[in-house]
Amino acid sequence: MRPDNRAVDQTRDITITRNYTRYAEGSVLVEFGHTKVLCNATVEEGVPRFLKGKGQGWVTAEYSMLPRATHSRSGREAARGKQGGRTLEIQRLIARSLRAAVDLEKLGEYTITIDCDVIQADGGTRTASITGACVALVDALNGLQRDKKLKQDPLKFMIAAVSVGVVDGQAVCDLEYVEDSAAETDMNVVMAEDGRMIEVQGTAEGEPFSHEELLEMLALAKTGIGNIIEAQKAALAAG
Amino acid sequence: MRPDNRAVDQTRDITITRNYTRYAEGSVLVEFGHTKVLCNATVEEGVPRFLKGKGQGWVTAEYSMLPRATHSRSGREAARGKQGGRTLEIQRLIARSLRAAVDLEKLGEYTITIDCDVIQADGGTRTASITGACVALVDALNGLQRDKKLKQDPLKFMIAAVSVGVVDGQAVCDLEYVEDSAAETDMNVVMAEDGRMIEVQGTAEGEPFSHEELLEMLALAKTGIGNIIEAQKAALAAG
Amino acid sequence: MRPDNRAVDQTRDITITRNYTRYAEGSVLVEFGHTKVLCNATVEEGVPRFLKGKGQGWVTAEYSMLPRATHSRSGREAARGKQGGRTLEIQRLIARSLRAAVDLEKLGEYTITIDCDVIQADGGTRTASITGACVALVDALNGLQRDKKLKQDPLKFMIAAVSVGVVDGQAVCDLEYVEDSAAETDMNVVMAEDGRMIEVQGTAEGEPFSHEELLEMLALAKTGIGNIIEAQKAALAAG
Amino acid sequence: MRPDNRAVDQTRDITITRNYTRYAEGSVLVEFGHTKVLCNATVEEGVPRFLKGKGQGWVTAEYSMLPRATHSRSGREAARGKQGGRTLEIQRLIARSLRAAVDLEKLGEYTITIDCDVIQADGGTRTASITGACVALVDALNGLQRDKKLKQDPLKFMIAAVSVGVVDGQAVCDLEYVEDSAAETDMNVVMAEDGRMIEVQGTAEGEPFSHEELLEMLALAKTGIGNIIEAQKAALAAG
Amino acid sequence: MRPDNRAVDQTRDITITRNYTRYAEGSVLVEFGHTKVLCNATVEEGVPRFLKGKGQGWVTAEYSMLPRATHSRSGREAARGKQGGRTLEIQRLIARSLRAAVDLEKLGEYTITIDCDVIQADGGTRTASITGACVALVDALNGLQRDKKLKQDPLKFMIAAVSVGVVDGQAVCDLEYVEDSAAETDMNVVMAEDGRMIEVQGTAEGEPFSHEELLEMLALAKTGIGNIIEAQKAALAAG
Amino acid sequence: MRPDNRAVDQTRDITITRNYTRYAEGSVLVEFGHTKVLCNATVEEGVPRFLKGKGQGWVTAEYSMLPRATHSRSGREAARGKQGGRTLEIQRLIARSLRAAVDLEKLGEYTITIDCDVIQADGGTRTASITGACVALVDALNGLQRDKKLKQDPLKFMIAAVSVGVVDGQAVCDLEYVEDSAAETDMNVVMAEDGRMIEVQGTAEGEPFSHEELLEMLALAKTGIGNIIEAQKAALAAG
């Protein structure tokens, strides 16, 4: 029995609030149950040095948890003087996933930075971040087109992400913190809207996992992400 | 004429939302117009090394702006590897002000850390932070008493803060960003609920300011802070 | 046609040299073709602070590339003052994988650190690192037992790793650099000797990948890792 | 009764030695009693990036205490790898105050940096720094005019600073260390030579302070700064 | 009696392996007994900023020990976030010595960086580094000439280095670790092939040393370095 | 002809002022001509962790140049976030030299830190630092004996240092900046009062130097240091 009696393939309630703050070119508060992440997209002219003169754009991301997003306070990375390995790993994952969704040549020499700041963490912050960041990115890209700065839409497809795992021998979708900390296997899946995969990161937390378990988790991810992409599209349509 | 036709002594709309996140011992979203700061209080057992064995507690604070809290994106301090001078100056001010409101001996060997994270910035983030942090602190102190960890209330008095300044030769209260960036003089005032002063920080941005201008600004600060403390008390009473 | 006419499921020549340096408790030079990684295991008494008094041990890893392991020189991380995100991500992966292979309670209060230093890089450095590190770890664990510091063998099973990918629409095993930089999909797989999975990290470098491609890559990984584990066991038997 | 029987409005003996070192464009040792600060002004062509092409100059400052300027040794900031919050706060104050005294457009594209290094600290190091830095700045500006690099004098007015406070219920001027550490309120005031204010920073160290106490402190500051500006002018006149 | 019955003026077995790795423009593994250092030379177009437009080149060096090059593990400098004083001192010595051997004007606007990474340390790592680095440098300079990028050979002379010391009152040449840690005096000497000196760094580890001891050590260094330069030349001739 | 017509073996005017600041246990301003270094000795109870419980003391040193000690301003190391290689090398030399002069067992569990801060630099700052630091150290050791904290004098002998070099083919003693920057060879020598050597660091800045030149430089160093030690003793006797 899962918390809140969720079915094994059922995601938590997902809420996507656009225009959450005033200044960003895309600003989305995404909630997966109690997990809340603010995803702000910033558009800037120009590209990083390694892309200068190549006629293409860049999409990058940064990720951070507010110190008290979690049950106990974790030290502020700015005060410690560096971003931790987990933070860097997550923001590299977010950025890579978003770039898979964008035709960087169509973007032209713009850099889009998506800041994912976790307000409250109850499991699945990286997959929620990707999900919200995609919506903020779409808002930013639409703004560039509305302002006639881009002639074509650089978006190749929507992407979304979910965490799946094996808890007590049962594959489940969209783990919250109590499930996550008890899971034998934890897997984050990022998919395009057509169901193809962009990232699959599975980790055995206890015993190794079997091929069958992998397949079960992937099936749950596919169902879950399908629903999440519907929620993204509904939010975008609403605006 | 001020933006939104505010009177010179009129603060912006102030909203104080308690229990904004789930895990912190005090969690307050404070809004002064478009300025929004999340103030989370964390209670931890023990004290910093320099206080070990002295039978008293400690109150400290950290401050940060989300990268896109402002009109243009500013680099993330964790990524740059250090907190800037402005950040350190502000968090020292917040912490010092809060400690003035607490009897650290009555607090016993607990450390309370107030994280002030600016979600959206439209001027006055440090004074909004102090105002929200005080409410979060009260919630944390009340929790310690409710849990029988403290026998006496360590709170000496409520504190609140407001920015005042001189714009176009006119002293005004609670400057928003467009006023702040045009101000000849900028002053932040922290007061106790009885009107006595805890911090006064006035800076001539253009020409030096006169004794008379200082007195006018202090008078506006007193009126403004009176109203803000009422808003704090109403929020605490509502809960 | 692959470089050196390798079959799609064929790994490069794998050489595992034990006792490569004199001082480490396990010292392995692992070579996957031109990729060469020195894996040194260090045994130290005691555990990190977060494990103090829990009666268990710890296994961790660090990873680094010599500045000129690659075609062009990359700046030394010590000189830049921090380890990059890629480095941190890889050493977290190595450490997590090794811990899956060890019963930390049987290890007792020892910390084993595996340093993986890449002497020469031609693709697959992280999977070569895991493969060599496992052998160095076994040598270190055997040393502890030989010295009567451990009564039981903490090793649960051997682990090994390989990179697989899709190049020109064809799934292939153990990519070297020219393949890796042309791959549409890149996947690193860590398996236990019984074929169950410890880590699966697949990334679409170009287009998203399909479920069928994922299955093909996993099948190649299983074959490849089987061969690699034989090489590990032969090296350990030789000693 | 104050140390050395000083009257409440009496500053310590103030000594201003120009040309203290050989190389700086302005070099002043300022002494307020036992507090000794070396203020060196450096003139460099060019301006920071954010001012490029705006046809104006820049004035900035750095502050540091020698490790053994104080009763017990404090760690060297260069060895710790960062400047502390107090240091950053003070150097921001010094720089802001000096900029208030200079017409940056008349300065043209020069940057003047004032290094304030505290040789010995007995209270009031930031106000002594501002006082000495102003004299070093004047020497540097005069040098630029003498060398025909500037046609007009960019100096708007002299500035000086003093600390005032409330000790044992009595407002006093120019606190030395034993007074400072016992003060209920501590206030630093920077004024222009005509008595108008550039910075006012008052802090309640114990109980909040009243409006009347603020007025008393300001009056003492005005008297004290008047005397200090005379000392500055006498030093500059001396040749 | 020395370890391995070496004569007082006898160096350890010296092995110089060129082309040790595939990608560097010069790649030398140098072994002095159990001390093993990999010296990789990288040629890059351009020079550091302070040399821009001066029509000359630059030679620099970096030095590092693998964490487990020694009997016990030392923390990785990249993980600690900075290079230690010993590291910086050694790499400054290596670079300075190499620059003495090169006519930087003949080098033209190229920068050659020699990375000296200690694989195994048994005393004398800095002198072995200089010895191996010189061979890697020669290979890199020869490559530039072969590729017609340089018309003249910038090499002025070969250099080599050895450590000498006083152990139990006896001057000895090429100390290994057990001697080094017992030495009363430790001296590193860098010489040109004609016997003139480039660097002499002698340190009293216990009692001060006498003029006579200095002369004895220098004589041993001269003999030792003569043999080492023969080994360098033989290695270069072999290729 | 040397600047100021100094003879080749003549040092600059040397001034040693004790008790230069009020708080340090030893405080010496040492001047070699225009080179001025403030050397403050701090005595603290306890020893660094690696010496805990060994019943001996420790002597260490830190070195820094004020930003405008030199003709042009150099960036403040605290602001850059790290000490440079030159700084670390010099402070390691100073500390090592001072430890050679002290019987650390007789010192007991005290740590003495000598801060050498260069007020003005005209060549020879490291040797002036050692010279002044020795006097500050003696004052600190005498204080410990006067306070009955030590029963025996831990000082083994006085030490002093001087720079020598070859300029225009002529060996000279105590180089000032204009000589130093033109020198073909630069050598720093630290000696005990009996003329034996503690450190010898010779560097060829241009061509390598000969054995004869080395001997000439050492002879000049011996004469110079003899005079400097007389100046130290006169200063100590005066007090």
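Before moving on, here are some points about what is shown:
Note that the chains take the letters A, B, C, D, E and F in the order they are written out, and that residue 1 is the start of every chain.
The rule we apply is simple: a residue touches a chain if its C-beta (ideal position, glycine included) is under 8 Å from a C-beta of that chain, and two chains touch if they have at least 3 such contacts.
All values derive from a computational prediction rather than experimental measurement.
The minimum number of touch steps linking chain A to chain F comes to 3. By residue number, the contact pairs of E-F overlap by more than half with those of exactly one pair in D-F, A-C or A-B, and this pair is A-C. When the CA atoms of chain C are superposed on chain F, the rotation angle comes to 120 degrees, reported as a multiple of 5. Taking each chain's centre as the average of its CA atoms, chain B and chain C sit 50 Å apart. In terms of their C-alpha centroids, the spacing between chain C and chain E amounts to 33 Å. In this assembly, the C-alpha centroid of chain B lies 59 Å from the C-alpha centroid of chain E.
Each of the following residues of chain F touches two or more other chains: 81-82.
The ring of touching chains, read from chain D in the direction of chain F, comes out as D, F, E, C, A, B. Across the complex, chain F meets chain E through its residues 82, 84-86, 88-89, 91-92, 96, 100, 187, 191-192, 194-204, 207-211, 214, 218. Residue ranges on chain D touching chain F, taken from their complex, read 21-24, 27, 34, 36, 38, 40, 42, 44, 62, 64, 66-73, 76-79, 81-83, 87, 113, 115, 117, 119-120.
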